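Report on the following structure.
Order as written gives the chain letters A, B, C and D; numbering starts at 1 within each chain.
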């Protein structure tokens, strides 16, 4: 008979990972560390540098939008047959970035992955800002942005209603629901931390504003009880929601009959791709930010390593989808499908395709090595690669499928105009402006959640 | 219980989560109802220690989720299948598979909003004022402090006893908490503003109520004017392109449009050379459809004056007569189309009359297309067959007296439309007492009305026009023979 | 810590917020539904015309057919406004000196048309053809109302897209025999639906509902 | 961090239960497969016992997907270092260890594969008598000259032939057999590795076996993804030789993992009823298994909906015939049944935490979902039987049920035999302590 006693004192990093809060921290020092960032009289110099660049780019975005609206969408490279060019690529790219936030805050919460606490606030903020950037592109893509309200079922003078059978309208509902729910989720998580900032406030203005938004939170346990339940419910709702949002984005393409777009694996493939790109963006942001604001104790090497693993896994899923698409394109016997995929790899946009494959499938393979996962420089570079690769994935899907459609006489090589390029750059300006403001004025780390995973937080009760 | 209205309760601080849990168990067991713990993070296990009942939040969310599901279904069904169904990409207007994504999103939206707002609602937040905030030590509750507060309104509460109790169960410190010494109700100024806002909200509603279906001289409000008005050509519009500002352009002088050219020019003119056509142009086949077309156009364009049966008694005539009596119109009765003169008139002459007008009748070439003018003539002929004069035979005429023949001729030629026999002046002078009277002519002369005068008035009415008459109104009657004029004279001579 | 505290009366704000959370959305939706309704915004337009022409007198009392003046209506997309000469058919002799008709006489003298104000004005991205509707058997009254009773012409229907589509989806109850098109007062004892069905079958009427029907 | 030593009270050995279970399984297998086969062979409906082979394939895929699901359950728990599942992991290991046994029951499928008389995989016979499209077109032209009225039908046939013959390099008898062999070898290899290492950990001093399982799991998950996808394409999707769907592998995976979790619930509950593992597999573990059931009911619905909606929406003939056949014929009843009973009802039923924590109710849901998984397999495969023929119905009777039960009997027999040699839980797993302590929020 085998022993019925579990071996004690077995310690191994792979099975029992390092503590989530490094260093000799107490509950109070965690508060100090996080609140210190926004209570400091001045942010670090690098903050000013990045913020200035971001605001400048935001100005470029504003100028581009004004130019677009006053002149018309002809200033873009979009034309037949690539009528869905650059803006939709950017839309899908930004929505995808957004997904990691929900994944970290909701899905990892459901999977009881404690390590999410260090980065979830970050990721949720990133989600919201990315969705803002994403939502902008279809809005300006309609050309007449002053009639964008037509997509909502609002009583109006035409006595018309939107067409709910259109995937584009599903998008409107999916993205706006996603934005609303993400915002609620993010704000809900912020409330106890805002209360912390409120209670430490040194000025009347801070006490008023943080007080206003912390809703009079007292840390009451009866409140915490419902709060945690609501948090769980929101997480449980956000998980299928995040699935649905990028699935709906994929439906924009997959419900059509265009070879290269119409394939049934697109919904889960898009979701995996979104998580993939989102995690890469979280890494891109958190590696410099933890340095800039001195949060290395809270966003630890373990967090970064875990994110690398997620990137590798989702990168593999994306690779699986690439190969399934190729196999089915051949297996179906459909000549058009076959052509579309050969055209992807060896057509006029072959470079886009191979950038995508090498960035998305090949580059994360380095994370098989623990040393690579531990090396911040490598991780940072790969995360940038993945961002680039995922942008190119959307470019490949949108542009290569459209530029050689069924009618060879209408084949046309799409190239972006300077307005296209500056608009994309400007959207990064919007993103980073919001992000920098967030870093400066709101707690970057979920203080109460981090405290909750510290050993001090657990009551030692004999009767349990 | 305490009688001090402003006394809130006592606040105890504990060392750590463990102490708090143990303390909470004791407070629970002591039977307190109105009390709570405060900690910077949710202490797991504390719920059991406090005896917190499991929240009903999930059930509320479920109920609202189902509501959202129903709302999603209803929204799409109502908008796309009932209120505004239209055909897009061949999908049925009510096609569930395509509606699933939005149903799902709306369900999640409702559920998530409910989870969020119901949670704050049940928690009684936002509540910016709280007596506990008045204790500076309580700031630690969101940092690293663990507190337990018992409210004074708890039936078990007694200040000393409760404080001692808290001390015995491991509290680090115990403090008394009082409400702020200020009124709890809304200040009057804010109340007034709220009422004003509420009243102001009624204004837009009143505006909508008053504008509903109201007659206005202002053009409709188009919220998005986008492309409503375009710089493009539209019939009868205005333009800056041409000097006269008209978009509709006149035909270039000296040109004939393709559809205006006819091999048979009589179709356009009603004349064959200098002679009027006596029958329809060769291109026209008169059948019942053609006559019905003629009827329609007759009723549109002719009947207002000539009357539905062509008797010259249309609604315009009747109104004009009334107005003429007041001196507001200068009116000649429209010709009765069923008299012999018109029956005898050539088709070509009738066509010319419709096209170019005659005497007081305006021209209708601009209003009535060519072929329909011919159709009107066909219909007029049909009217004449039904209501027109039936001519007497030569034998019958021969046995009549000359005066009787003259009476008949006047009626057949339509003279009685303007001239009466009883002395009443109409457009023209009455025939009564005419013969033998002195007639002042517009030329200044005066003549005796005799056979020669009557003959001249019928042959050349303009030359013998008398003072006070509407010169040029009366038509010449060249078709009358001398014998017929003699008969007319004989009839007129009887009217003394 | 600064000693700023929210005043105690902020507690009383909460019930107000609760009511507002319920009332404001209902209020906004209700207001928008009625305020932006085509029935509210589009109907009732009765512009002041350059001279007081009464359809009630001419078309109603005198019974002049609509087509006497709007004579292109059966053959063209647009129902033409009458030229001055059409007016002068009668008014050369009836009320020739009326001061109300001064613009008419000026128009004759100058050769410039009278600038009538368009009442039923569709947006220019919507194509509408009068002749097609008349030949299908849609009477004037279906869109223009009882013009023969109006001293000043007024837009009775909202002319919105969904209003157009209502009839395109279900034309039967709005069809009438060809000889009653301009008879605004026409009534029949026959069931309009059945009559319409019969006319649809007889005249092969299939109103189109695709976008390019009107947006071409 | 380390775990506290926790003494495990109660019986965690199968002991004398193993032979009983094995005997029960054997009986079930003999009766089910025997009578089922007899029914099939007695009612030869003039098409080479095709009906029987369809029923056999359905039963086989039904059980095999459960087993593959448990294999994946194992791999993924090691990959993500999960602690909650340690108490039921041995149950999944006992299930997945039966892959070689099931491989034996794949052998009979060689009959329909290589027989020209049986119409199971229609491409099999077609690939054997493969005629080039050009030759066929030539024949059609000649036939058309003789009998012009048949031209449309003939051309349709050529078009069909074109789509199918294009795949012959992939879909032919030998390569198919070779591929299936490869899948089973790979699965066997993985199952064997994880089973042996896990058993080795029971007696090991350190945690070396656990660490090596963790290392291998990353590679295993990739292998698993591709093998189960291509297995799904080969065994089930190719039943309709012209149809294709890129998501099909994921669809089969979703059903597979769902049924595996259900199977674990049933096993754990059965062991509870015999007084085993009562202290080890607690309500918390059932709650988590219930969450997986709920999550994968949803995930299955999501994948099934994605596949259906995209094909329905685009409505391209070569794809849409799959759903057209299942929505417009007598199969529509089964399709609605799948939507309502495989998704909507269990979704509602498993939503509440009270259901997930009530082990009796949860077990009924698990059994229910296993039945629905069989319906799923039946719905995928059976409409291809007598496809397109006049009067083709949806044959469902004792034979289908008996074969499925018999195949389950095989699995139970295998589990019974495997369970004799070691404990019913990984005794010295380093995460077991954490597993026994955690509580759901």
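What to note about this one:
Definition applied: a contact is a pair of C-beta atoms (placed from the backbone, for glycine too) under 8 Å apart; a residue touches a chain by one contact, two chains touch by 3 or more.
Everything numeric here is computed off the predicted structure, so don't read it as measured data.
Should one ask which of B-C and B-D has more C-beta pairs in contact, the pair is B-C. Separation between the centroids of chain B and chain C, computed from CA atoms only, is 2 Å. In whole angstrom, the spacing between the mean C-alpha positions of chain B and chain D is 65.
The centroid of the Cα atoms in chain A and the matching centroid in chain D are 34 Å apart. Per-chain CA centroids place chain A at a distance of 51 Å from chain B.
Along chain D, residues 309, 313 each make contact with two or more other chains. For chain A, the set of residues touching two or more other chains reads 156-157, 159-160, 167, 199-200, 211, 216, 228, 240, 247, 251. For chain C, the set of residues that touch two or more other chains comprises 1, 6, 36, 41-42, 162.
Contact between chains, per the stated criterion, is found for A-B, A-C, A-D, B-C, B-D.
Residues 1-12, 14-17, 110-112, 167, 228, 232, 240, 243, 247, 251, 254-257, 262-268, 316, 320-321, 324-325, 328, 331-334, 368 of chain A are the ones that touch chain D when the two sit in their complex. Residues of chain B that touch chain D in their complex: 58, 62, 91, 97-98, 100. Partner chain B is touched in their complex by these residues of chain C: 1, 5-14, 16-18, 21, 27, 31, 34-36, 39-48, 61-65, 67-68, 71, 75-78, 80-81, 83, 85-86, 88-90, 92-96, 98, 112-113, 121, 123-125, 154-155, 162, 165, 169, 179, 209-210.
Of all residues in chain D, those touching chain B in their complex are 305, 308-309, 312-313, 351, 353.
The part of chain B that touches chain A in the complex is made up of residues 16-18, 20-22, 24, 36-47, 49-50, 52, 55, 57-58, 61, 75-76, 79-80, 83-84, 86, 88-89, 91, 95, 98-99, 101-102, 104-106, 108-109, 111-113, 115-116, 118-120, 122-123, 125-130, 132-133, 138-144, 147, 222-224, 226.
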